[in-house]
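Before I ask anything, let me first share the structure, which is written out below as structure tokens.
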Amino acid sequence: MLVVMRQGATAEEIRRVAAAIEEMGYRATPLPGRQRTVVGLMGNDGRVDASRLEGLPGVLEIVHVSQPYKLASRESQSANTVIRLAGGVTIGGDDVVVMAGPCSVESEAQIIAAARAVREAGAVVLRGGAFKPRTSPYSFQGLGRQGLQLLAKAREETGLAVVTEVLDVEGVDLVARFADILQIGARNMQNTSLLKRVGQVRKPALLKRGIAATVTELLQAAEYLMAEGNADVILCERGVRGFDPATRFLFDLTAIPLVHRLSHLPIVADPSHGTGLRDMVIPMARAAVAAGADGLLVEVHPDPAHALSDGAQSLAPEQFAELMRQARAIAEVVGRRVAEPAGVS
Amino acid sequence: MLVVMRQGATAEEIRRVAAAIEEMGYRATPLPGRQRTVVGLMGNDGRVDASRLEGLPGVLEIVHVSQPYKLASRESQSANTVIRLAGGVTIGGDDVVVMAGPCSVESEAQIIAAARAVREAGAVVLRGGAFKPRTSPYSFQGLGRQGLQLLAKAREETGLAVVTEVLDVEGVDLVARFADILQIGARNMQNTSLLKRVGQVRKPALLKRGIAATVTELLQAAEYLMAEGNADVILCERGVRGFDPATRFLFDLTAIPLVHRLSHLPIVADPSHGTGLRDMVIPMARAAVAAGADGLLVEVHPDPAHALSDGAQSLAPEQFAELMRQARAIAEVVGRRVAEPAGVS
Amino acid sequence: MLVVMRQGATAEEIRRVAAAIEEMGYRATPLPGRQRTVVGLMGNDGRVDASRLEGLPGVLEIVHVSQPYKLASRESQSANTVIRLAGGVTIGGDDVVVMAGPCSVESEAQIIAAARAVREAGAVVLRGGAFKPRTSPYSFQGLGRQGLQLLAKAREETGLAVVTEVLDVEGVDLVARFADILQIGARNMQNTSLLKRVGQVRKPALLKRGIAATVTELLQAAEYLMAEGNADVILCERGVRGFDPATRFLFDLTAIPLVHRLSHLPIVADPSHGTGLRDMVIPMARAAVAAGADGLLVEVHPDPAHALSDGAQSLAPEQFAELMRQARAIAEVVGRRVAEPAGVS
Amino acid sequence: MLVVMRQGATAEEIRRVAAAIEEMGYRATPLPGRQRTVVGLMGNDGRVDASRLEGLPGVLEIVHVSQPYKLASRESQSANTVIRLAGGVTIGGDDVVVMAGPCSVESEAQIIAAARAVREAGAVVLRGGAFKPRTSPYSFQGLGRQGLQLLAKAREETGLAVVTEVLDVEGVDLVARFADILQIGARNMQNTSLLKRVGQVRKPALLKRGIAATVTELLQAAEYLMAEGNADVILCERGVRGFDPATRFLFDLTAIPLVHRLSHLPIVADPSHGTGLRDMVIPMARAAVAAGADGLLVEVHPDPAHALSDGAQSLAPEQFAELMRQARAIAEVVGRRVAEPAGVS
């Protein structure tokens, strides 16, 4: 860590910074420049909490040189994390894993139809919300426990694994009983109580990037899960807040190769939320696979015109089948293959 | 609500949109323009969920004309909400209420010293975190229950009301036992489970704006609290995510008069988090009061150089006393007065 | 266009809005809702300037239904614009056109080496800056006229077409004498004097998106060029300003299919500026082609470690050759082919 | 400057960075940490161009410790720059200077009426656009030279100084003949050709912050003007691009005390463009003065309902008079006074 002193910082101020560093148990190395002095903090193993130094007189800025996460970092583990689901699906290896289904579970007929349609087209994981975090209290909030039961039923029928969102600490045990992967939504990416609790579960977690989270903050959120013992973390790029109202979010695909450089964790992309526009989902799914995504999360509804939520961005089954064909072709070019459902050839 | 059709939408597509609107129980009024047709949805009382319409063929865009919140809106209640704390402090009336204290409760000595210092300078509410939502799992996470007890002790000593953050549904009862105002932090502004639970408490809530939340979304989050029965919601502007690394956040003071136009709820401003820089706190506190803020939330530490968190933005007691002097002078110019602690003249 | 009135707008206010619309030569159709009245402006051909209406009492908001550009819109021309360069290269058709070269022209040896290297790898257009718009006045500002002459020399040697930036109205004639395509940089996207002047030139223009420009504003800037008579406009996505310092810009690839939906103009992508990080250029070039980009703009330097500008994002020739191989494979999957230099098989 | 090496950078890579630094004429001091090595570049006077180092193998990041501007920095000149206009108005001293008038000069009657009204209320500078940079080529582009003549006429009538925008290099001499202050608009903040040319004029320049410019970039743009010899630069905060459509821009008032810390140049604030909403102009004008602004730029139209541009944000004369009353009261509290027109008591 480097402590940059203001121009004109006094010798006494520099001395106090050095003393504080030594008190904290590290070594201080002042580097006097023509305009400013920089004091190096040496001997640390990982990022140091700079709160004490930030408040000292004469300090202009703290520059961190170490990453603020450890377990999630590529430096701590060079090989990719590969997560294995029941049924043989792996995430983070050579396969590109497609997770698809409706925004919300609405009824047995709907979720079964959706599950069959996405399996038919080649998805290996069924997505669907039972507990929905909606911006307005008056929007449909999901079927809750009943939604989980319907997802389990759809799994029985199709053999697909199930990913669904968990909204709060109280719901973790319940969701973990039904789901194969626990999704933490973008709004909850920094809900540290929830992160800690999901970190104690022995099931993989799908952690969506917050709409204003940096990649570093996403990895710090993953660190919360990992620090509690859950090493099976799948990250998800789903668009960040931008300034152009033409799309619902700004889909940040550069985050994919960036995460691969900084971390060993797999990262999937959600072009449905990432764009918010049905017409953009297929081209951006192609782009995500081309950028190196380890999987896709796609909203598919058997009848988008009657969806209770997110109708504007859901694909109809035949559109999703087209997406799968294109994703397979791109995956091949980048030396990967799209995972296929068991028993489908 | 207005449904804008794509150019070239067919008569059949327009008919289907109109039919869907009628099915939803409203009246459809097509307005055929030269380039596009707009279908008005009439007869609604408040915002309609547009999910079904968004998914229909030929639909370009939905334009909402009604606000997506009711109880929080100025249209539903024209008079300002005025919240009364024990001890006679009111928020949302003529008074400008200053809440001050350290980022985290660190020890009995620290919180008592801080409480005395801020009361001495004129604050009427003590702030201080017992449960801290930190970006990194390795940062200091707060003293928890012990921190709450110390806050209560500081209240006894000084008569100040206490505001402190509640992180999760499980903690609500505990925090409500000790605090006078329950703070919901920016990271949790869309934690709907927490919002619903705090909405059931009979104590005022301080709702901080999420770092990427629009003012509309802030008011929708307030609506969650109010829909559960808690009408005593204090909003807080604390800076949004910007692109300039020179400040930690981008302090959006225009949100203050905007909230006053759209809503009857009080809004306070937090120049400490809003800027992240100690030197900016006093001028931006002045600016916030000048913009019409109903109060200020300020980080004050008896010894900023030894703070366990947020040292760089905490004021020392004498700096805070200067802030109070300036805030009083600005408040007077805008026809208000800074609330004074009971028994201080 | 729709004029949304405030709740509680008086009948007189609504009447004045209707009267103003009629005065402007259009038809006014009031739509009284339960909460608000909307007044439709009918009979317009294209977007109407709303300034007069915005200022009227009782007006809450103006909602534009027409696009604010005409010549650039897909609605005015449904077939893609295909731009033909000397030498047979076409942009906007089936080919994916790769433009590559150094950030700045530095010397004859450098630009000739760069031109040969990029041609060898398969680029058909040479990029290189003679006039450089630098953030700091103390950074290298380019070789100016001499740089243009060196670009022309490189063209003679290699047969590549040349794209280079024009900074101001005064430089247009000079640059047009040497370049095959005139580049308007991101900083100048709304320099309307420059846009108008380049609109009068009979050479194609490459218009880079401003770092905070919406796609609509990009198309409005193109409209400036087209309104002056220059129909050969190539748009370029090069990253927008984001909040995450991990990348220099936020590369907005969704803009590519969005532009294709809204406009008939070709759009290319610049992964070098779009990410600012050498390691990200190849994956994001793949992603751009997968998203449907009509071409790529890539920084290549014969010796990146000695580049006078943008060293951190420039590819070495062998890295660029690898990019070309991958781009060709992706292009094929999306039904296109990467244009090849004449005489290369 | 500090060069942060990647973890695992080889001794040879570190040696090459050090060698490159020595070749550039500076001294290299390696600081080996447990995780990474940092190489300090010492002996520089001001910021060094890092292009050569960024491209070297093993380099992770460059951290600049010096400011990237000199003449504009507080470090180069500790006393505030005070700019004197004819007629005795000073900007950057104790006075708060109000510049007001219509968005565009529309006619003689309009500009004379506006000038009289704003002078009556206490403005000392008349603003008004003769050359307008509009997003759409079909919007009103200003009266051009005739507009300048009308501004000069209004000056004769009222004694107010005149500030008006210059759009391009070609227009500089013409505008400088008529205006007292040359305005460079937000869209042109990085139009380096224009900056250099205005830097050669012997009249003050008003430099508006670009909508996505950091404060550092604003000061670098000022440096372009100063490096050419024009020391009389007035900066202007006018809102940056944000994500909330509720306001046209996000008014960043923290930029005011930040500029005052980093630079000796005066900075004024434009609450009309900064918010885009008439109702927000007065509270945000108050906030700007409270934050320490050296002046205000306010849109005032004698008849906002008939304005040819920006009607929605223009104040009527009586609203402006109210703004002035409130600005005077706030100015007094912060130890300043609002400048008064000559001959007005």
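The first chain written gets the first letter, and so on, giving A, B, C and D; residue counts start at 1 in each chain.
Rule of thumb we're sticking to: contacts are C-beta pairs under 8 Å (C-beta built on N, C-alpha and C of every residue); 3 or more make two chains touch, one makes a residue touch a chain.
Being a predicted model, the structure only gives us computed values, none of them experimental.
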Greatest Cα-centroid separation from chain C: which chain?
-> B
Decide which interface, A-B or B-C, involves more C-beta pairs in contact, and give its chain pair.
-> A-B
Using mean C-alpha positions as chain centres, tell me how far chain B is from chain D in Å, no decimals.
-> 31
Give, as an integer number of Å, the spacing between the C-alpha centres of chain B and chain A.
-> 27
Per the C-alpha centroid definition, the whole-Å distance linking chain B and chain C comes out as 39
Junction residues of chain A - those touching two or more other chains = 46, 212, 240-243, 245
The answer for chain A against chain B in the complex is residues 20, 46-47, 49, 51-57, 59, 68-69, 133-141, 167-171, 187-188, 190-194, 196, 210-212, 217, 220, 223-224, 227, 240-241, 301, 304-312, 314
Which of the residues in chain A end up touching chain C in this complex?
-> 212, 214-216, 240, 242-247, 250-254, 256-258, 261, 274-275, 277, 279-280, 283-284, 286-292, 326, 329-330, 332-334
Chain A contacts chain D in the complex at 2, 4, 7, 29, 31, 33-36, 38, 40, 42-46, 63, 65-66, 75, 241-243, 245
